[in-house]
Structure formats: C-alpha cells, structure tokens
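Structures are listed in the sections that come next.
There are two complexes below, and they share chain A, which is joined by chain B in the first and by chain C in the second.
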Partner chain A sequence: MKTIANIAFRNLSRQKKRSVLLGAAIAFGVMIVTLINGFAGAFVSNVSDNFSYLLAGHVFVSGVEKTGAKLDKEIEVIRDDAVLTAALKDAGVPAKYVTRRSDFDGSLIFEGKKVFHSIAGTDLANERFLRDRLVLKEGSWDNMKDPRAIVLSDKIAGKLNVQVGDRILVSLKTAAGQNNAGEFVLAGISFDTGILGSLMGYANIAYVNELLGLASGEYMTMGIMLDDISRTERSATALYDRMKASLQLFDRGVKDEKGATTPFMAMMRKQNREQWNGVKYRVFTLNDILAQVQQIVDAINIAAFVILVVLFFIVMVGITNTFRMVMYERIREIGTMRAVGVQRGEIRSMFLYEALFLAIGGALAGIVLALVAMAVISFFNLGMDSPLFIILKNGHLSFRVPPFQAVGNVLVIAVLTLAAAFFPARNAARLDPAVALRTLK
Partner chain B sequence: MKRFFAALALAALAIAPVFSQAPDVSKILRELDDMGDFSGRDFSAVYTIVSQKPGEKETVTQARMFRRDGRKQFVLLIVMPEVNKGQGYLREDDNVWFYDSGSRKFSHSSIKENIQNSEAKNSDLTKRSLLDDYGVAATTEGTIGKYPVWVIDLKAKNTEVSYERMKLHVRKDQNMILKEEDFSVSGRLMRTTLFPKYADVGGKLIPSQILIIDELNPGEKSQLTLTEQSVAALPDSVFTKAFLEKVNK
Partner chain C sequence: MGIVELKDVRKVYPLGKVEVEAVKGVSFCIEKGDFISIAGPSGSGKTTILNMIGLIDHATAGEVHIDGKPTAGLKDRELTRMRHEVLGFIFQSFNLIPVLNVWENIEFPLLLGKTRITKAEKNDWIDWLIAEVGLVEWKRHKPNELSGGQRQRVAIARALVTKPQIVLADEPTANLDSATGEQIIELMKKINRELETTFIFSTHDAKIVNIADHIIRLRDGLVTENVRRGEDVAEACAPANTAGD
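== the complex of A and B ==
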C-alpha cells in the first residue's frame, strides 16, 4: 500500500501545473471559509469582551420592585446589598471584582448645547478597573472627590464644548419615571480609546442615586467580573442556586410557550405579567444579553458552510473531469500495471490517494493563506470611533478559528474530493489490462 | 374732595380683607379638574404644535385628538408633518401605545413621554386630577399682566405624575390657569407653561392656546393651538388599535 501511495504522490508531482491549479482551487475555497469562520469565531468573543467592560461584569444581578397604587409600575433597584454579597460569597463565585451601578439615559445641557447620553453611577474608589482602562486626557481622578463630578469622553465633551470644571445641567427621569434635573461638574475628559469612553459618562453613584430617587447604599445592578469568561454560566448557576434559598427570583434558562426566543426574553415577559411584593431578583449573564449575537454567529457559520459546499461542488466537478482526463492519459500505464500484477483495488487506491493528497495539500495551503490574510487584515487599525467598534478588538478586526472547525473543514474537503475522484478511480480499476494496453491515445 | 378720598380709603380698607382672604384652594383645584374633565361625553380637537429650538428649523406637528375621559381613553393621530403622518398614540387606562405607521407596529409608551419632538407631553392633552395627585404646599398672591392671581404651590402625593412640584397661577376672578411652572424632583424649574387664550367648549373653559417654555434648554419652546374643538359623540371603534391601523390603509 505504501508503494501505491508513493506512486500516487509521484503522479501528482509529474503534472505539477495541473496539480497546483487544482490544489489552488481547493486552497481558495478553504481560505474563504476559514476567513468567515475566523471572523465569526472572534465576533462573539470581541462583542462579549467589549460588552463585559461596558457593563462591568460577566454575571449580573438586578432587582425589580413593583410600585404604584395598582402595583403595575416597576422600578429597578437593589435595596439590600448585604444579602447579595453574602450569597456571592457562599456560592464560591470566582469574582475578580464586583461592581455596583445605577445608571440612566438623560440629556446633558451646556450653554445651549444638548447631548443625550448614558451616565453610569459607579463607586470609583473601588471600581479600579475603570480607572485602569479609562485614560484621562484632561482633569484628574482626584476631581472625582466632588460628589457631583462626572467624566465624559473627548467626543461628548467636544459636542458640548465643555472644559474641566464647567457645570453641566442634566435632565433625566427618576427610577419612578418623574422628571428631574441636576448639575454635574466636569472632573475629567477621557480619551476615546475604547467603547468605555465614548458610550458612557461616569459619575459618583451617590449623586446618581439622588437624581434617580434611590436611597444611599441602593443601586440598580451588581456586575461580577470573573477571572475567566468561560466560567460565566457555571458561576451564574451557582449564584442562582444560592440565592434561590432565601430570595425571590425570576426563573432563568427557561423559554416560555408564548414565543420568547431566548430565556432572557421569557424572564422579562414574566416580569411584566407577575405581581409580587418587595424586590425580586434576576440573575443573568453576558451570554443572555448577547443571545442574539450568538444567533448571528450561528447564521454566519451556516452561511460559511453553505459557501464551502457550493465552492466544493464546483471544485468537485473540476476534480472529476481532471481525473477522467488523467485516467485517459494513463490508460496504457494502467494496463501495464495491471499486466504486471497490480490489483484493481490498488489502481483505485492510487487514484484516491492522489485525490486525498491533493485535498490535504490544498486545504493546508488554504489554511495557511487564511492565516496570512487574517494577519494582514488585523494589522489595520480601524479606530474606536468606527461603526464596527463593538466587533473590534482594540480597533482591529480580529479572527479566531476554532481548531475543531478547521479540522472539520479539512475532513469535509477530503471526503468531497474523494467522492469526486471515486468514479474515475473505479472506472480506471475496472479497465481490462489487454484493452488498456491496446488503446491508442 | 378730602372727604371723598377719606371715604374711598376707608372703603378700600374695609374691603381689603375680603380680597386677601385665604382662598378655598381645594375648591379651586376641583373646579380646575372639572374644567378639563369631559367624563360623560367625548371630546375631540385638532392640536397644532409649533416647536422652536435654537439653531434648528421650526417644526410644525398637527395631531387630531379624540378623548373619552370616562374610560381614561384617548387617541392622538398625527396628521402633520407628512413624514410622521399616520403615527399615533392610544391610551387605555394607564397604558399608552405608540403606533408607527412605517413599521405598522405598536410599542409601549408612557403618558409622561413627549409628543414627537415637542416640549408637550401626552399628559398635557389629557384629563388630569390635581386634587388627587397633588397636595397644597402654599398659596400666595401675585399678578400676571393685569390679572390678580392666586399662586398655588402644589407638591405631588405620588410618583405617578410627571412633575414632583408645580406652581399654578390661577385668576382670582375666574378659575383659569394663566401660568404653570413645573419643577423637578430636585426643585429646579424645568418648564413654564402659559395659557393666553381659552375657548368655551360645551360649557367648559379650556385653553385654546398654550405656550410651553423649556427652562433647562433656553430658547426651546412649543406653542399649542386648539381648533375644531367638539364634544360630539365618537364611535367606540375610535379608541382601538384597529382604528390607528385602519386610518393608515
């Protein structure tokens, strides 16, 4: 069998130009599919990373309380932090750090200029990661000692035409939905180096709570940053199970029968239907928020697979024709081989080996080409103000090809190529040696 | 002549306590509530809202309003500008839905939301209950133009209302609000509303011209004008989602 494989390999190198062209066709298809897979693979992790920093966590806990005369209004609030902190500790969640935030969307107003912006109330003394990631262009973190201090991005500060120290009016709605107004003092202007800087302003949670009508010590969302994003679901389940023992909780991970497409959507719908007293908690993860993103990625992967199949159907037609031609060219050679005792199965194997070598060679070349293309594409900095920023990694397009997917693609190509070469190989094997030797080309 | 002035001064002194007497604010508020309440009959009108914002072109929004206060229902159908024509708001009890004629979809909105891009809110066009929602914090006297007014300082009893505090300037001689100042929860003046013109609709005095001034954004203001007011009965089908969908077909 080794001899047959050697002959097959030698046959491929005899017709270098043809082999290279066929291999290039396979390589091109593999390159395109690997690029798409690579983009889809990094898509989820980039969006997850960007959102985890934006939302300050991988696992989240929020509280909802029913208010109003008919208990038909809802406010987002966590009133008892101690009970959550204890549950977090008991659940053994590997938290790198825990953030407690209240936030709102409101209008920032300065001398006739107005910008609608999201403001997150944070505990800047303890939220160290924010200080680490948010680089100030002007002002300093010491200015945040002012209870009304706010940090805005360069872009937002530019739109409002404000300088550090300026007083900025803010118009917003309280947690209960009433109109409120306040005044921030610009403590710092951050570089637009990431989505942290451009999508949100940061203020002291105490003042944000005051504006929202929440009491001191209360907040809207607890965010838990984990050591490792892959532990997200396990940690959320552990925390959920621990909280379930003593707190009111919304079910998680269950879709309802009324058309909710994600468990998170089902949880939100349930919240609107149910009545309860006090604070009811929901535990959710970045994956819940980004469930739609996973659906997009699944769609991209399906599209990539369809492209792979279509491309290889075309390549298969080429391979089948080429091998038919090869069989015709080598018909006397096949006759000689058969005459000296080479069996039919070995002739068939020789053709199939040729196809397999071609497939593996082309696929490996395709993967190498794809890796080179990825390196070149990811070299370009698209900037954080790019509309694509949410899928970028620090301003660059990035790729991640899951190894099993690459191996899977190679296997698919190998099988398809073997299938394409099978019929010409079988025909070659069935040739009568005497007829083959008599045949004139 | 001296005697005449002395008599006039005495008369003025005599009647002064009558005019400065503390008013029955609850009665005033009840009458104001009654004036804007069309319970038992329907109300419809066309509102023209002209909004001005510094550095922007003046925008004109025209909407036809159908109200049935008895059931806490209203339908607001946008007829102008052309780009928003067919959009509408439907209120049923405490729920407000916004209908987008472009996507043909309803989304949940709120009575506290602004109408289109103006300073006016849904709650400005509907029945309100000052007496139920607000408590009287103080009452003083003042004047608006040539009219002596009661300045009634109200504080919200619940969080259901848009503004935590409001100051009403009500004519002394007739229960008509001439000016309303709305304050934020933090106590900052957010909005001033002037009511220069009233119209008699079915025996009730309702403002036919309203000027809303945004106090946080200098230069931003909206003027509402009411025309084609009517208290004629409306078909039940008007206060349905199907109506908003149908008028767009």
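== the complex of A and C ==
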C-alpha cells in the first residue's frame, strides 16, 4: 500500500498544471470558507467580549423583591450579598471578577438641555478592566474619586454640551418608585464607540445607591466575569442549581414566549405574570441577552457551509472528469500493473490516494492562505470610534477559526473529493487487463 | 514435465454483432527451462495465446494448465496473485512506470503482495539484475531518459525480479532496431541458461525465431509447426509420474 500511495503521490506531478489548477480550486474554496468561519468565530466572541466588559460579566444574578400588604411593591435589589457569594463559591464557578452594579434610567439635565440615559453605578476600584474597554477622550479616571463623578460618551456629552468638570442635574425614580433628583460631576468623556459607547454612563455605585434609595452594600445586579467565556452556560447552570436549594428563583431557559426576541425577554415576560413574597432571583447570561448574535453567527456559518458545498460540487465535476481522463491516459500503465500483480483494489486505491493528496494539499494551502489573509486584514486598525466597534477587538477586525471547524472543512473536502474520484477509480480498477494492455493511446 | 500446457484452447472475441475466432483449437506442451518462440504472421493469434498463458485473458474453450494446475474458474484475485508469483512479463512497448526510476521499476513487483526476503537480500538481488542487464550507470534514471533497448532491459529485470518460473514476452523486439533486438534476445537467452527460467516470446522476425529451443508456429489461430531441438513434439505433455503423486 505504501508503494501504491507513493506512486499516487508522484502521479500528481505528472500533469503539474492540471494538478495545480485543481489544487488551487480546492484551496480557493477552503480559503473563502475559512475566512467566513474565522470572521463568524471572532464575531460572536468579540461581541460577547465587548458586551461582557461593558455589562461587567458573563453570568448575572439580579433580585426582585415584592413587599407591601398586597405584595404590590416591586424593587429590583439584592440585599443579601453573603448568600450569593456563598452560592457562587459552593457552585465552583471559575470567576475572574465579581462585579456589583446598581443602575437606573433617568434624565440628565444641563443648562436647559435634557437627555434620557442609562447610568450604571459601578465600583471602579474593582472594575478596573472597564478602563481598558472604555477609552477616555477627555478627563481622567482619577476624577472618578469624586463620589458624584460620572463618565459619559462623546455623543451624550455633545447632546448636553457639557465639559469635564461641569455639574449635571439628574432626575430619576428610586427603586421604590418615588421621584428623586441629584447632581453629577462630569469626570470624563469616553470615545463614542458605536452603539455600545452611548449605551450607558458610568458613576460610582455609592452615589447611585443613594439616588435609588438603596442602602450601601446593596446592589441590583451581580456580574460574574469568567476566566473562559465558553464556560458561561455551564457556570450559570451550576450557580442556578446551587441557588435553587435555598432561594426563590425565576425559571431559566423560558421558551415559546410570543414576541420575545431573546431568552432574557422571555424570562421577564413570564416574571410579570408571577406572584411571590420576598426576594426572588434571576440567573441569566450574556447569551440570554445576545441570543441574536449567536443566531447571526449560525446563519453565517450555514451560509459558509453552503458555499463550501456549492463550490465543491463544481470542483467535484472537475475532479471526476480529470480522473476519467487520467484513466485513459494511463490505461496501459494500469494494464501493466495488473499484469505484474497489482490487485484491483490497489488500482482503485491508487486513484483515491491521488485524489486524497490533492484534496488535503489544496485544503491545507487554502487554510494557510486564509490565515495569511486574516493576518493582513486584522493588521489594519479601524479605530476605537469605528461604528464596527462592537465586532472589533481593540479596533481591529479579528478572526478566530475554531480548529474543529477547520478540521471539519478539510474532512468535508476530503470526503467530497474521494466521492468525486470514486467512480473513475472504480472503473480503472475494473478494467480488464487484456483490454487495458491492448489499448493504444 | 510440462510447465505450460494448452489443451484444445479456443478464443472467440465478440466484435460488434459478429464473433472473431482468434484461436481455433490449439494444443501444445512447454517444458520447464526451455526458450520458446511463438512465431507467426500478424493476426495469427500470438498475443491472444500469450495473454491466455499469462492469465491476463481467459480461454473461451479448452484448458490452460500452469505448472500442472488448471487455471479455469480462478477468481481475479487468485489470477493476479499467480501472475505476480509465477509469471513475469515483457511487453513490446516496454511499459515501464514513468514516475519510477530504473531501480524502483525493477523493485516494484517485489513491493506487491507478501515479501519473504530481507531488505539486504532484495537490494543485492536487484543490484545483481541491474548488472546483469547492463544498466548499473542508469539505475537512478527515469524511463523517459533511456533508449528503447535500455528500457527493454529494465523490463527484463523487472520481469525476473520475483524469480518467476515463466517469463512471457510478446514481441519484445518489435519496437527495436534489429541489432538491438538481437541483443535483447541474446540477453534473455543468457538469463534463461543462468537462472533456468522458462522464456516464451512471440515474434514474426524469422531471424530471431531460430535462437529458440522450441518453436511453435501459428497461422490463422492454428499451430502449423511444433518443433523442439529439430524434432516434432507431441501436443500433450507427458503424464506426471503417477508413482510420485
């Protein structure tokens, strides 16, 4: 068999132009598909990464408390941090950071201008990573030492026409639903990075709690940043199962809620129809919020696969025809080999090996070409303020080819090529040696 | 005892709607170690007969015995194995494998099936054959770098490498000039004596025919002359010594 494979390999170089052409066709298809896969692979991780930094977590826990005589008062709050911290530890979730945030939607007012905006109260001493993602255009993070400091995006600051150091009025509803007002000091203006940049302003949690009427040490959402984003769902399930033992929990994975575009929305809709007493917790993940992102990626990958298959049906026709030609070109040789003692199956193998070498060579070349193209494309910095920010990694288009997908593509090519070569190979094997030897070419 | 025996062998080729009877009932016996020529004009059935002896083609009727054993009804796999182990082939147009060099072409049959010899033995044997056919200087060359005569020498070495009992050569000199052709036949004859390999070659060249120990002349698919060392020989092989079996 080694001999047969060796001859098959050498046969590839007999018609160099033809082999190179077929190999190039295979390489081109694989390159395109690998690029698309690579883009899709990075797309989901970049979007998730960017979101996870701005939302400060991969897995989240929030609490909803029902109080009042008729249980008609609803407050978003987590009052007992210890019980969550313990559950997190017991569940063995590999957390890199744990963040605690309170947030509200309220009006920012400056010299007659008014903007309705989301404000996240964070503990910037602990959420240092936020500084890496949120690049300041003006001001500095040191200004955040002011308890009433706030960082706004370029766009929002522009709408309000505020400068660093200006005082901004805020009007909001407390957690319990009463009107309240306060005053922020603009500490910094961040680059307006697409939709995310203007998603929210960042303030100190102590002051946000004060505005919301929450006690210090209380917060609304716990964000758990994991070491490895791919462990998100497993970690959420572990935490959920752990908490279920002693706490009230909203169901995870609610489905079939009409009109809900994400699992998170479905969860919220179901919650509105429920009644409970005390605090009930919600465990959710980035994926629950960003479900569409995964759908987009799935769609891209399906499209890539369809392209792969279509491209390869075209290439397969070429391969089938080529090998049919090859059979006639080498008919005497086949007859000679059969006479000398090569078995039928070995003739078939010889053809299939040749096809396989072509497929693997072409596919590997395609992957290498794709990697080179990726390196070149991702070399360009599109800037932090690019509207593409959400899909970029530090301003660069990035690619991530999951190895199993690359291997899968090579396997698909190998199988399709073998299928294309199968019938010519079988015909060659079935040749009557007497006929093959008599044929003049 | 005969190593090849044909008993009333016929071969009919379908040719469109009609049939061509290429061999019309041929019987002869070939002795082990002989140098045999199958002679006859074009279309007389030489290739057809050699193909049947070589187990490349099967007889329409009659029997082909190789080394005392009938070959009818053998499966393709078994026929291929016998071609590999018992037979060697030399072709009119050399039929070397173009991607292999001289040494590799000769080695090729040894790489098929089960090998029973060590690497050192194999290398010595191939080197001996290359020296025997006079191609020591050429062993790393590809077939397309050789002359016709040189190619046929490679083919002779290749046919012998598995130490077959019988080597079949269908018009081995037809693509060579007459001087080279004679050298090739002389080389075959020399090896025939040294290794006691049975050689059966076909030719329509009268000059070459006479080198053979045993001449079988054909015309229109029938044997017209069957002479061994100047004497007519019987169609059938002498029966095997019954006491021995």
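We adopt the following convention: the second predicted complex is superposed on the first by the 307 of 441 C-alpha atoms of A that agree within 3 Å, B and C clash if a C-alpha of one lies under 4 Å from a C-alpha of the other, contacts with A are read in each partner's own complex, and residues count from 1 in each chain.
Basically, a residue touches a chain if its C-beta (ideal position, glycine included) is under 8 Å from a C-beta of that chain, and two chains touch if they have at least 3 such contacts.
For clarity, every value in this text was computed on a predicted model and none was experimentally measured.
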{"item": "Chain B versus chain C as contact partner of A:R344, first or second or both or neither", "value": "second"}
{"item": "Which superposed partner A:K114 touches (first chain B, second chain C, both, neither)", "value": "first"}
{"item": "First, second, both or neither for A:A373, with chain B first and chain C second", "value": "neither"}
{"item": "Touching partner for A:E333 - first (chain B), second (chain C), both, neither", "value": "second"}
{"item": "Chain B versus chain C as contact partner of A:L382, first or second or both or neither", "value": "neither"}
{"item": "Touching partner for A:A419 - first (chain B), second (chain C), both, neither", "value": "neither"}
{"item": "Which of chain B and chain C A:V20 touches, first, second, both or neither", "value": "neither"}
{"item": "Chain A - residues contacting chain C, complex", "value": "2-3, 7, 10-11, 13-14, 332-333, 335-344, 346, 432-434, 437-438"}
{"item": "Residues of chain A defined as touching chain B within the complex", "value": "67-70, 72-73, 107, 109, 112, 114, 169, 171, 173-174, 176-182, 210-211, 213"}
{"item": "Complex contacts: residues of chain B adjacent to chain A", "value": "54-55, 94, 110, 112, 156, 158-164, 182, 184-186, 188, 190, 216-219"}
{"item": "Contact set on chain C toward chain A in their complex", "value": "47, 51, 54, 56-57, 76-77, 80-81, 83-85, 89, 91, 93, 95, 97-100, 108-109, 111-113, 158, 162"}
